[in-house]
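The chains carry the letters A, B, C and D, assigned in the order they are written, with residues numbered from 1 in each.
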């Protein structure tokens, strides 16, 4: 790390669950420092510590407790070069464009721009090369280009993390996914407790669409400034379950080749991505851990592996219909939201995509040599 | 009902969760009366009310509170002609044979004899004709034949209830089932609360095997004194979830024909079985209810429909891989255990299979005319 | 029952949790029939079955499914004589006055008028005589008097039900109450599941005040057209716990006399109130049941005793500080809300307080002889 | 820290929940290293990683994964000087005596010896001076004295931590405690999930006795080689609630003086104990944190403050009966079990009570100057 001083960032939508998680993960970050936070109009001008209904399990970072909430507008957060967006989808669309037009690197967790043809939709270990798609964007002016990067849906991330090594090694044809998703994905107020205790809600609005659509783009190929979608065919059924954090996915998968189970396991265990090669600050040592034991992974026990950034896989066995089946667990508010977006921001910084900050400034010689 | 007096029955293994449910459902039953209850040796000779750790939500039926617990042996329950078995599988195998050898009609919820070639495995609405398979059994002596009938696994019952009308109308080829199963299925002590709160356990011992194997038999055809298995191919993945009662199944199904969704729904709604035609006491008016609304069925809201005997179905929609998909909910300790077995006992009685009790004695003229 | 036809009633605020419970309990009621239902403006004019997010565990009663939602105004529900109010406290104050001014018997579950000096606050078994306080009201006109009656707070009801027999027999001086309250008390959306799963919220707005204040009035004495408050001193601490239905109260009580534990138990077991004497339709056979066993009552097992109208008590033992201590359980949305209010409406009807319906019309000779 | 090498310790009963927590907390400990682990006979001789059903949320520490499980006997763990006992109370009594007789410093979480007249029962911040009571013990031989130290019950620890500053400042007379205790206190199998989901169990065997008895000793005075019990009178009611970790206590307290609420709060905030003065490795910076906000503390949000070693207090307000009331939260398996015992072991080491290790060897100059 050769930065003379840390890169000032803004967190957009800082009072919600994802915003709180961003602030928690950004506390003491080696590259970034939170210089501005924004909220909806009725909270603007108020001190963060007095406004937020804090619900993380660690205290509010002292460095943000006294920050004042700014409006969600580029003018209000001058001095920042990067905006991490935890905005709700009802507000994210035009707001993120405004920041990009003002020259910001916008890293968004919202769904609004994910499927824009010129917007990278990236899991850093899976498709870092898609960052180049951002060159097709024309936000900002010649001297001050802005960019929008997006993080996939929380359950998509666990899905494609598990699938990417299989696609690379054996070719991916069909996926049947049934999810058991944690309530934190819906934030506060989110799911009423009357529907969550002693109950399953077998429906999450729009979720199955995202799971069926986003993998086409993430696993696709960047060619001539556009993504050629991957032809995988996916069937998704999504359930809300009484779990605080951690999405569980029961997957059956049809591969082009028909590897034995040991080869599948080996593909996962060998998997490392660019975040590991670059030594990005939020990268887990291992993006995927294969757990032994009949009954793993379990959300309460395994969601925090790799500080919530590692995807856990267990119960690999043959599927009578599609070939193989297994269970995947991914922390939905860390890897699946703020943590995944932060890692994406780190990757972008390491690629020199932060305005005014060279790649060499953040990636020192040691990291370079590890590549 | 022309019985002069009710048929005396024994409940084997009366102190566990399934036994308690049998006693609750048998209280004030129009045909059967609980004349004897059995337990493992250490409880034998004790008063039921002093021994059981009662955990139903209605009080112990007064008629059984003062019964003494007998050993689980035919000699100990003389006077009964029918034995409902709630025995644990560790004890059920030889015990049920002993009762059959002594001339009892044994209706069992245990897994031990389900796959015996001469033992009917029956969901009364689905395969009542399989009762005839019992003629292949040779328990007891010429003058006093005994019989074993079995109830399928708790999650199998919901599965085949939903599938049977589709098989009849459109032909069934492939089933992909992911279950979200309630903790009551494991009884007490069962699942430790440390594994149940804020958690999913993606494994239930032996459960996936049962779900993949039992439908072959239940949906099979009785020919020449044997069941020709149905060739349906099933992939099952079973999860334990923090729900008290009610198993939820996310199903994708491939049918031989390719009906539109309205035809599928119509097949379910038109479905009635022999229990409905005969007007059996525990038969729900409708074995299947199709629920409207995006987010139904839900275990807490819908498990008690039809007093826990109705299977709820919702979210019917196309499946990109197999054709159609939908969600099924079935009450695992009522329809899936004691209630299903009781209905099976009623069906057997209505077919004249209770030693010494003619079919006409239990099924009066009104019921007959309804057939 | 000698009514020629049932008394038509309106349910105000019929779409919420308490409203749904009212409709469920009023289905097939022997005295009352739901003739009108009201809702807030945005639902007015819509069919109930299309509008409500039904969350009871039995289906919408067919008789109300097709009713149209009326505005919450007396003119809109002409033909009814009784209004059961499930209105939120934000709307109940003036609306209930309007109905009383229009000559209705209003039976309210809202808090707004509970402490009005001329409004009876009644648990039918505890202080039925307080109904006479309504004579002090001057709602309506000479020929068409209206009246407001109120049901106490959900946790107050369990509290005073347990205390009333002790007050009568031994004199009540001090009460220390810690509550563990179910999430259904807050309705939908109510408590966010992120705050309910694996958590306790040790605070419920205004609840401790209600528990400390309402017993003064309920246990007070009606003298000269006013309630002389009972001097009991109460300390209440209220917690929200991950339970669907059923409020648990841990009570320590100081009595004037110092009865032994057997005498305390006997006082509870002997307790019957006017609803039992009159044979009111919703009255449980026993208002209080004392449960044996170290670990009773438990909400999941015992909340439905007496169809949710019975108060369960257990764990009676000495308290080193106040004398005795014990645990009380009461179903908060049945006895503690709609069921309690319905019983109050029945009591009022049996006292001739329904405009145009004589007491003799509802209480037949059999009931009379039971008094 | 001037130890040339770490002090080798044994963990007795290493496979249970408390044992697992000990191993987790001892991983990378600056003073202690786990050199031996013991289990019941049927696990003896097996590798830890193959034997334990690990249920912590961090992986098994690599340093213990390959250790072999020894019998719980001093001969089997030669080389260790300290034994942390996570034994079940069914085994702890004679086993801990055997280790003490063999010259070990035994630090126990079991209840068996807590009330022995010569055994210190210690919360390090509250009554560190009671360690001197150990001089009355005569375990071992002249050259090799052993000692037993004990950690209080999990809910007692939160209780006395909150009370100690009040006793010191204002004098403590009466305490009314109602607890809402997490299921982890009962371990695995522990509480069946059928009793934990959507339920409260208002009883925990022996727990109320411990809460009423242990504070007398902990808050007592060491005089002439014996503890003169503190005369505080306590009433405790204990409930099991659906929470994974963290015991919540609703307390009402009568103090000799009648301080205003600000003075009470100030007493808590100023509170520091010998672990803080000595800078013990497991000591939280602040033993007590007073939380703002109406609805704090909450177990899910606040149990991990100070790495689970800090006691959280909120909702301080007047009590109409006893003077003041408030809510206390303490992590029951960290501060209330293994973490508390580890801190006690650290305190003992810093006092020179580890055989063969001088106080100066563990407490360096910096720590000394902080005293």
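We adopt the following convention: a residue touches a chain if its C-beta (ideal position, glycine included) is under 8 Å from a C-beta of that chain, and two chains touch if they have at least 3 such contacts.
Nothing here was measured: the structure is a model prediction, and the numbers come from that model.
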item: Chain whose average C-alpha position is farthest from chain C's own; value: A
item: Of B-D and B-C, whichever chain pair has more C-beta contact pairs; value: B-D
item: Geometric centre distance via CA averages, chain D-chain C, whole Å; value: 45
item: Approximate Å spacing (C-alpha centroids) for the pair chain B, chain C; value: 40
item: Inter-chain centre distance, chain B versus chain D - centres from mean C-alpha coordinates, in Å; value: 49
item: Chain A residues counted as touching two or more neighbouring chains; value: 55, 195, 197-198, 242-244, 300-301
item: Footprint of chain A on chain C - complex, ascending; value: 17, 55, 183-184, 187-198, 242-244
item: Footprint of chain D on chain C - complex, ascending; value: 174, 176, 178, 180, 195, 197-203, 205, 212, 233-235, 237, 239, 241-244, 248, 250, 252, 294-301, 314-315, 319-322, 325, 327
item: In the complex, chain D residues that touch chain A; value: 55-59, 197-198, 244, 300-305
